[in-house]
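Chain IDs A, B, C and D follow the sequence of writing; residue 1 opens each chain.
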Amino acid sequence: MPDTLRHYLIIAVPLLIVMAVLPSVYSNHLLLFNFVIFFILAQGVNIIYGFTGYLPFGYVGFFGAGAYGFAIMVMHLNAPAPLAVLVGGAVAVVLGLILTPLLRLAGAYFSIANLAAALAVLHLVANPALEQITKGPYGVALNGTFNPTMAYAGGILILALTLGIVVYLKNSSFGLALQAVREDSFSASMSGVNVVKMRTVAWLASALVAGLAGGVFAWYVSVFYPDNVFSADFSIFAIVFALFGGVATISGPLIGVIILYGIYNLIGFTTPQYFQLIYGLLIMALVLFLPAGLVSLATRRGWYVP
Amino acid sequence: MLYPLVAGVLFGLYFSLVGIGLNLVFGVMRIVNLAHGDFLMLGAFVAFGIYTAAGLDPLVGIPVAFALFCVAGLLLYWVLVPRLQRARDPEMLSFILFFGFSQVIEALTTIVFGTSERSIPSRQLASSLAGIRASLFGGEATNGPFRIFGLSFPASWVVAATVSVIAIICVYLYLYRTRLGTLTRAVMSRRDEAVATGINVDRVSAAAFGIGLGLAAVAGVFAPFMFGSFTPAFGIDATVTSFVVVVLGSLGNPLGTALGGVVYGVSYMLVQTYLSSWADLLPYVLLIAILLLRPSGLLGRRVRVA
Amino acid sequence: MSPEPERLLEVSGVVKRFGGFHALDGLSFHVSPGEILGLVGPNGSGKTTAINVISGLYAPDAGSVSFLRSPVGGMASHKLVHLGINRTFQVPKPFMSLTVKQNVEVAHTYGNASDKALPMADLLERFHLAEVANRPASDLTNVQQKTLDLVRALATQPKLLLLDELAAGLNPTELDWIAGEIKTLAQSGLAIIVVEHLMGFIEQITDRVIVMNAGKEIFEGTLAVAVTVPEVVEVFLGGEHAA
Amino acid sequence: MIRKASIALAAALTLGTQAFAADAPAEIKIGTLYASSGRYASISMPVHSALKLWVEQKNAEGGVYVKAFDKKIPIKLVAYDDQSNTATAATLYNQLVTQDKVDMLVADSGSVLTAPAVTIARDHKMFLFDQTGTGASFFSKDNPYIALMADPVSTIWPKPVADFITHDGPGLGIKKVAILYSTNEFTGTQANAVRKFIKDSGAPIEIVYDQGIPTETTNYTVIINNILAKEPDAVIHLGYAPNDIAFLRNVQDVGAKFKMLFCIYPGLETELLEKNVGAKGLQHVFTYVPPQELEYPVNFGMKMSDFKKAWDAKYKDGKIEFGFNSVAGYTTALVLEKTLSVATSLDRMELRKAVFSLSGKLKTLDGTFALDEMGGQIGELTPLGQLELNEHGHIKFVSIYPHETATGKPVYPRP
């Protein structure tokens, strides 16, 4: 498939190289790391929303589950960090499996139920009754694994995996079938597509990358509270970034993160006061004037956007 | 056992009022008003303003808030909604649009009023009615605790529950006894058919939107009493709880919302009594359970699944 | 034709309830390869419900559906597609944001019920969709969307095709053309069930009709005979009045 | 990479201070974050505003005396808004350290927003001036890069309360205690501490009710009823300001009579609580006696009354409450100032040494600054007091325990 290869070469590989090289020229590594995290999360939203039409308003549930999966492995089993990150991903997938019945819901109902599920997981993890396991509301302080350089490298690997998944979806008949499911699940099943299985696979893939991202995030920050890793801002940012760029494309969510998260940080650094206001207005303008995202500026003209 | 039951009913009736505006807006337009809680918050500021600036009974805030936000809702409707309805997936886009809007409201309120908690002394609520109450039920002309079955409850709860019941009856009468209301119900059950039969859907929807925001603001008048205090940031929690109540009941049915509120209130109080630290898990678990087991809500007929 | 042709689909005593309402109330009929069967009846008599049950959208509450002698009642749609059952929708449901070609490609890749390869290009050409192949389905006219729906179904190479009001909204030229195509398909051995309100169209293409009322069949035979049966006539007149 | 950079930075600074004392920087950069909106805004803004007030005041005088350069140098406050978002806070802390290369790093208010700074400071080997992040997990023997400025660590903060109940309680007739707390790090840790102090004391005190409830709880009617059913002699409620407001209002609303009622925030944010609960609702409530009520003898910085005057002059609109948190912010500022005046260089270990050298000696309007070996604040312990109405119907504090600083006798039971 020449298209697949081209997409790897013109989008995925350059991005990965840039993100891998940047730390040696720019020293706010945590900012770069957060860019990597949001690249992953925005693409994770792309996988489930862009390709299957489910807007995961509680996407952070997977991220937080991954972070706590990591923390529990390290705290209780002294697991090496990379293994613990993988377990974080696995925990998110298990959570995804538990939540698969939510896929029976449509539209806003799914989004709200997903939000509720994320909040439920947060309140579960943060409950003092589970202090022995999760440290409850008292927060996690991990010792012995702290290694920002390796955590950053881990983040790059997970980003590579995520981009791999998205490029595959964009170019494979599997991805096409998913989009068919998104457009009309009846027609899709009459096209021979196993609708339930397909969207479950996409849902779990999306959960996996968020869980891995959560694991690597926990590795990087080491000290955190449930509120930190289950903050609704993660879901909201990832969704807004993905939509802003344009979903069901490879480049859209990436462009969204670069522009919006870039602006976010610029505003934060220079004129902090009106931050939330500008951001809110930007989101509204997006929905009203560019509902299909920035890439639609090009697609409207008939240009192909990978 | 009796105490949490009665408290749950009072508390729950108030939550019906909190949710009913959301129900109207979602039911009629399939628009997910994520800024619902923020209108509640603004309603609380209206009551606060009336009390601090003019020293009036916050109950005066009810007609003021309702009128103010009805008008605001109508204006907002004409600015935002037609654009939205032209889009391919208005439900999902409205979700994001109103999220942006809620950010803008919170930011502006914070800039104008600051972030500290505010409230209104409990005895001020219905102070104008205290004399009447004293003559009816005896006792002093103050707003001391209210006694039901020999148990004492905050007077403000009783007032809020009473106003809620009146509001729900008004909504019911509007929907079932007025022409515009009948049309509203027609639009709720079959939007496309309503369009086909020549109903002015825009007029119906605008009215529902205005009334929905007005009711949210009315509920907000009681927020300082029901939640102890309020800040510009309290909107989002109120929105999520409203969704629980609305989904528990069912779309388009004011009685369903009343039932949803009471079920929520009673179960919340029971959990708070017997499993205190898990109380916040309840709304989310309830929401997910009802969506999966009975997606049409307790009183609903319509099924909404993918 | 042999006196008793092999039965491809056998529906017997199928019941489908929605709440207390019996949409299907003991429906029985069969269809053979190469046959075009018309399913007629007034609004609400259960025609579309029958199609939905056969295509796996709903599971029957009672009775049996068998296809190629094996029971298929309640089987998931995509599995039925793989066995060789497909359908069109009353309101066409193409994948709006995908191109015409991609629409057909999905069915072609995922739904193929036959070992033989089917050239997609020929199919698009035959149904006049080749020139719009790279346009998103949302750009198509209603008639084009209907044809796309049909092409999507045909791309899976079905043995049984269910057409739900395919003719509605077509002009006379298009009607003649599509009738010809349906007949050609039947001649190639495909069994076709047609749900239609246009009696002329039914008369033109069907070998046999089933008249339905209140969820079950009240007549089986040719349309010419059907119009002489008082019960059928009454149902239709009543139906007209009600409509 | 990161380490190399910070070693280079540290080396450059050391070199600068030792060899070329004349090459003093034009300004001392102090980096911090605040939350203008969101959940932590109401605790962050008073702290940050106090810091700003101090910077303005000092710069008007030409800066602060910096021993490392032996001269007065103006302060530049580099402050970013994290909006109560911890991921944002993390990148902004990193920005302060790696891009702005601040000389001193000051955390945002509260444990949740301090948490990211702890890791970052440790990673960059930067000394963290922790203002009010009392989280027990921040302080450990293997982390030398942190000290808590203004609040006592949560594990010892409630000691005066527990001591009063176990020492004086039995004499007053307190036998049964109810503990109600919000399940977050701040109040959860205090609840654990109270429970432990009471149990370890061996006093004849029974804990009859001990429940954690979600921090988001805003109505307590049913819970109050449940507590009443246990007939406790004393109720200790540990929650954030909104919890206290809702709790105390509900107590009034249902007309519950508790013989002794302790809450945290009537003492810490008295203005806020009085506005929201009313003076009557606070009458006879036990609480921490905040420094602004005590007029501690000061050997550095403004005394309380002067600070209050300065505050009122700068923040006239009343949008940001004067209270415990504003004092905490100013206390941090004083520690920063004093540290600069004794540290011989701006090197992190020298800063640490300087901060620890102040322990037990620095007396500010917040009391005596004292650190344990891990950097936890153990001075500035807030005595237990009771709120009474003065002749004008306004709230006044009566200090109850410990006896040395007491200004009155407890009113028990609460009438």
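The criterion applied here is as follows: a residue touches a chain if its C-beta (ideal position, glycine included) is under 8 Å from a C-beta of that chain, and two chains touch if they have at least 3 such contacts.
On a predicted model such as this, the values are computed, not experimentally measured, just so you know.
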{"item": "Distance-to-centre winner among chains (Cα means, whole assembly as reference)", "value": "A"}
{"item": "Farthest chain relative to subunit A (centres taken as mean CA coordinates)", "value": "C"}
{"item": "Whole-Å gap between the CA centroids of subunit B and subunit D", "value": "37"}
{"item": "For subunit C paired with subunit D, centre-to-centre distance based on mean C-alpha positions, whole Å", "value": "74"}
{"item": "Gap in Å, rounded to a whole number, between the CA centres of subunit B and subunit A", "value": "33"}
{"item": "Subunit B: positions in contact with at least two other chains", "value": "88, 106-107, 110, 277, 280"}
{"item": "Per-residue overlap in subunit C, given as positions that touch at least 2 other chains", "value": "96"}
{"item": "Subunit D, residues touching no fewer than two other chains", "value": "36-37, 183, 212, 214"}
{"item": "Residues of subunit A that touch subunit D when the two form their complex", "value": "23-24, 27-31, 34, 37, 123, 126-128, 136-141, 143, 146, 148-149, 221-225, 227-228, 231, 233-234, 264-265, 268-269, 272-273, 275-276"}
{"item": "Residue ranges of subunit B touching subunit A (in the complex, touch as defined)", "value": "26, 30, 32, 80, 83-84, 87-88, 91-97, 99-108, 110-111, 236, 240, 243-244, 247, 277-278, 280-281, 283-285, 287-288, 291-292, 295, 304-306"}
{"item": "Residues of subunit B touching subunit D in the complex", "value": "3-4, 7-8, 11, 106-107, 110, 113-119, 121-122, 144-145, 151-157, 225-229, 231-233, 237, 269, 272-273, 276-277, 279-280"}
{"item": "Subunit A residues touching subunit B - in the complex, by the definition given at the top", "value": "55, 57, 101-113, 115-117, 119-120, 123-124, 127-129, 185, 232, 236, 239-240, 243, 273-277, 279-284, 286-288, 291"}
{"item": "Touch list for subunit A against partner subunit C, complex", "value": "173, 176-177, 179-180, 183-184, 186-196, 248"}
